[in-house]
Amino acid sequence: MQHPRRREVIVSEAQAASWITDGMTIAIGGLLSSSHPMALIRQIIRQGVKGLTVLAGSAGLELDLLIAAGCVDKVAVSLMTGEAVVAVGPMFRAAAQSGRLQVWEAEESIYAAGLQAAALGLPFMPCRAGVGTSLPRINPDLKEFRDPIKGEPLLAVPALRADVAILHADRSDPYGNVQHEGTGFGDRALFRAADKVIVQVEKIVTNEEIRRRPEATSIPGADAVVRAPLGAHPGSCPGRYLEDLAHMKEYADAAKEAGGKGNDGKLASYLERYVLGITNHLEYLDVIGAGRLLSLQEF
Amino acid sequence: MQHPRRREVIVSEAQAASWITDGMTIAIGGLLSSSHPMALIRQIIRQGVKGLTVLAGSAGLELDLLIAAGCVDKVAVSLMTGEAVVAVGPMFRAAAQSGRLQVWEAEESIYAAGLQAAALGLPFMPCRAGVGTSLPRINPDLKEFRDPIKGEPLLAVPALRADVAILHADRSDPYGNVQHEGTGFGDRALFRAADKVIVQVEKIVTNEEIRRRPEATSIPGADAVVRAPLGAHPGSCPGRYLEDLAHMKEYADAAKEAGGKGNDGKLASYLERYVLGITNHLEYLDVIGAGRLLSLQEF
Amino acid sequence: MGCAEDYSAAELMAVFLSRDLRDGEMAHLGANQPVPRAAVLLAHLTHAPNMKVSQSLTLANLIDVPRPVPYSEFFTDWRRARWAESYRLGHEVFADVKRFADFFFLGGIQIDRFGNVNLIGTGTDYRRLDFRGPGSGAAAMASTFCPRYYLVAGDHNKRLLVDKVDFISAFGFGDGGREARNALGLPGGGPKYLVTPLCVMDFEPETKRMRLASLHPGVALEQVLENTSFDPVLPENIPTTAAPTSEELAVLRGRIDPQGTLRRG
Amino acid sequence: MGCAEDYSAAELMAVFLSRDLRDGEMAHLGANQPVPRAAVLLAHLTHAPNMKVSQSLTLANLIDVPRPVPYSEFFTDWRRARWAESYRLGHEVFADVKRFADFFFLGGIQIDRFGNVNLIGTGTDYRRLDFRGPGSGAAAMASTFCPRYYLVAGDHNKRLLVDKVDFISAFGFGDGGREARNALGLPGGGPKYLVTPLCVMDFEPETKRMRLASLHPGVALEQVLENTSFDPVLPENIPTTAAPTSEELAVLRGRIDPQGTLRRG
């Protein structure tokens, strides 16, 4: 009998991103300016995917870029900020104000409740946060109800499930056992709420390396793993590199001109230079340049 | 200005157990035959606490011992087994059959839902598991209801909160930063559902040792920490020691005679020898003996 | 593939179940279940190299384990965590119902003709049970969500196999009928087989009544009927459960059960 | 304790807030909040050695940190995790409402006279906002459960301090009244103070209307009234906010804000 072998799940960014097609619901990992799967996001833009619903949670400029590229129809969001770079993503702001972008207005614990409902196989999760606020009025999916035991006023948050979650993490073995460095933000919750999960990682490591610290395995079974060293750039990645403030400002300046003033020349140049005019993540790193990349390494 | 100092939370088992008084609701950590806070449980028995409601989850003989000692009026339980030693705890069985013990009949995911409701500050959690079963009939606290969004049949599980959770873990610093070895079972959920948490540990370590692996901190802030090396005996403790099968059988045999046949002489002797006739955990370890204890060390 | 002559009923049960498990599935092993454990490991080490096996609340792939996989009577035995690739935090085992397990195994103190399982106790008055059982464990959750599950009986007798359970811990098909589970919104597929030391039963698709699927080699139909409280549906031709191959027994005895737990009884 | 003469409004705000924080409390620092950050660290390093400080989703005690505690404009800056004693897994930050934080700080794009906060946007039609804000963050959760919180304004103007917010992200006291929060079953205590560069406001107990609690040194009442859209309740005697002591400023400038962020703004 031939000794059986395990199936590896490492794929290219193009293969992975091809799972994402027009009209799907995707969930994006990371938080604010850290640990978004930027290599996959740039690939999705290159593939010209349209009409996405994005579960974005507390998002940063990764969401703004997807909106800028015209991929997004609807977004579930609790916070959307470029922090020190720009208070609110300019393209998000413009699209939301014009009504082109449909916003499923959330708040962090409401967003978490929706993801949890999906993971638990429930139609809804109750939530006390949001009672008394405008959220159930401006997001009619949030239903006010009285709990069946004590009659207290609560919100019912419907399940937020995703077709595919895309995440960025530190390492994985070839079989999809993924480990984050740091807290992992809400990535485990996205994994649980999604049908399929693609994780881009800084490094592929051996299975033995994973088994040295099984307690660190955060995603026990990614459906696909993509090699993407420095793949959260221009955001940060815990234990690896800091935010590229200059690059984020370059994007934000272009987006402000396009979103605020309707002058989208700079934004088109940005997209061409960093996303559409190249074919993969390694080329992207070359465009950024080794000197810049190495200067971001965390101490 | 004097340099400020942090407050240490290490106390004796007697000081810790004195927090637990007649009629309280306590939650007990560990799972089946592993990682129950036996040193604290024996101390609670010594202190003669009565009328406890116990959140026991999937329990082993630690629960049987507390029932045998007459401390328990009511128990929320999803499973109660001595595994290879005895299929069902004899004193639990006898007390439940006679009606002396009130059972809040649960199931593991229903129990988990109740704990989660308490942690989330919610009056209830919805649960799909249990729909169609006898559980809502025999436990009227589980209310059948239709969800407010899709109208699906679900159970409403009321919040299960505890006055005090008692846990056993591997290590803690003097400030209550606790780390489990292994999975920690459901201990984090009990921590979150309880007002106060007492953790007995195999070892007190420095704060620097904890900070070497902050990601391993499972209970970030026990209210009291008790030194109790080998304190889960006769159960096992991951990475430290195995079950003491012979001791568990000694207890089970005594309990079977008392529970099944009403002959409680052996049980009284057991309680006298291992619990009531001694004053603390170190004396207990002496009664068990170093040879026996060392023979249980895991490989 | 040769055919082995000498095997125990428990070995046959494990082999039957192992053949029904597929590559890539997630297997959750409960407490003290020697037959299901053997079935999972046999499938894993033969035709399912990508199975994920949950033991002691850790997940691992065991195909490269160089010695017999250790057996323990204690669910939490931490020695089985040695090959762990990830931990299942106790409070999160139920937090992702899609990935809890693709199948699981359930015993009971009563199992009825519609596959309902009772682990709570027997008697008519819940406050004064004749016999208090261990409780439901995770049976409600797993039976609600798992795509399929297997009822496994260590013994085949009328006390276990009843017409109607006194209490339901795991809803199989309730009072029967194709829509029994859909009517309650239960997403899982329900019980697929009952496997006992005498036979295999499945569920007749329309009524969801238990149906004799095969008799183990050497077992007579009467033996089954005399030891079952209800009348199972009987097909026109009753097949015989396929015997283990010598290859299956070699893996079973060499790498999974060298201590002979399944042969003792 | 000497009285320092030269300090910025932001420093005064931080000092005022720090004095209201107690030993043993859990502090959650949000994104890019220099004044709250300074308030928490100042309390911690002076009178609250047992504070737990949440930064970058890790918890730490910082009293023995031997050099200035680093500041970052990015919430997730992992360099602040260097003294971590535990991690707050992102998906679990809200899983234990008792231990999220004992207090927190909230800014807004609008704050009204009953302490309601708007982070969503301004305008009458939600689908066509005049100005889209960043969104509510964790404001609903924190304002629902925290025993108390502080409203912190970087600027004091009529656009920010409005009569009624267009949208409510964090319910303070709704339309006012002592029972405003109880009627909705909100367990937290609501906002305690609004602190601006000009003054401190609290909430009049019966109506829960904002009330001028103190004017910062050198600020005239008219300055506050001219820059506030509503009329705050005015006490008979309006105290002056106590100035920082030289010790407080020494800790603030030496160990917390050596880069002078609070003096620039």
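Letters A, B, C and D name the chains as they come in the text, with residue numbers starting at 1 for each one.
The rule is short, and it goes like this: a residue touches a chain if its C-beta (ideal position, glycine included) is under 8 Å from a C-beta of that chain, and two chains touch if they have at least 3 such contacts.
Just so it is clear, the model here is predicted, and its values are computed rather than measured.
A.B. asks: Let me spell it out: compute each chain's centre from its C-alpha atoms, then which one is farthest from chain D's centre?
C.D. replies: Comparing chain centres, C lies farthest from chain D.
A.B. asks: Counting only Cα atoms for the centres, state how far chain B is from chain D in Å.
C.D. replies: 40
A.B. asks: Chain C to chain D: how many Å between their CA centres?
C.D. replies: The computed centroid separation for chain C versus chain D comes out at 57 Å.
A.B. asks: Note the residues in chain D that touch 2 or more other chains, in rising order.
C.D. replies: Chain D, residues with two or more chain partners: 58, 81, 87-88, 94, 144-145, 187.
A.B. asks: Residue numbers in chain B touching 2 or more other chains?
C.D. replies: Only 120-121, 128, 152, 183, 215 qualify.
A.B. asks: Please list each pair of chains that are touching.
C.D. replies: A-B, A-C, A-D, B-C, B-D
A.B. asks: Under the definition above, what is the set of chain A residues touching chain B in their complex?
C.D. replies: It comes out as residues 120-128, 143, 145, 147-150, 152, 154, 156, 158, 183, 215-216.
A.B. asks: Spell out the part of chain C that touches chain B in their complex, as residue ranges.
C.D. replies: For chain C paired with chain B, touching residues are 31-32, 57-58, 73-79, 81, 87-91, 93-94, 120-121, 126-141, 144-145, 167-171, 174, 181, 184-187.
A.B. asks: Going by the contact rule set out above, which residues of chain C touch chain A in the complex?
C.D. replies: 24, 26, 45-47, 49-50, 52, 58-59, 61, 63, 81, 83-88, 94-99, 144-145, 187, 247
A.B. asks: Show me the residue ranges of chain B that touch chain D in the complex, using the header's touch definition.
C.D. replies: Its residues touching chain D are 1, 3-7, 116, 119-121, 173, 175, 177, 191-192, 195, 207, 210-211, 214-215, 217, 220-221.
A.B. asks: So in the complex, the part of chain B that touches chain C is made up of which residues?
C.D. replies: 31-35, 58, 77-81, 83-84, 87-88, 92-93, 96-99, 105-110, 112, 115, 128-135, 137-138, 152-153, 182-189, 236, 238-239, 242-243, 298-299
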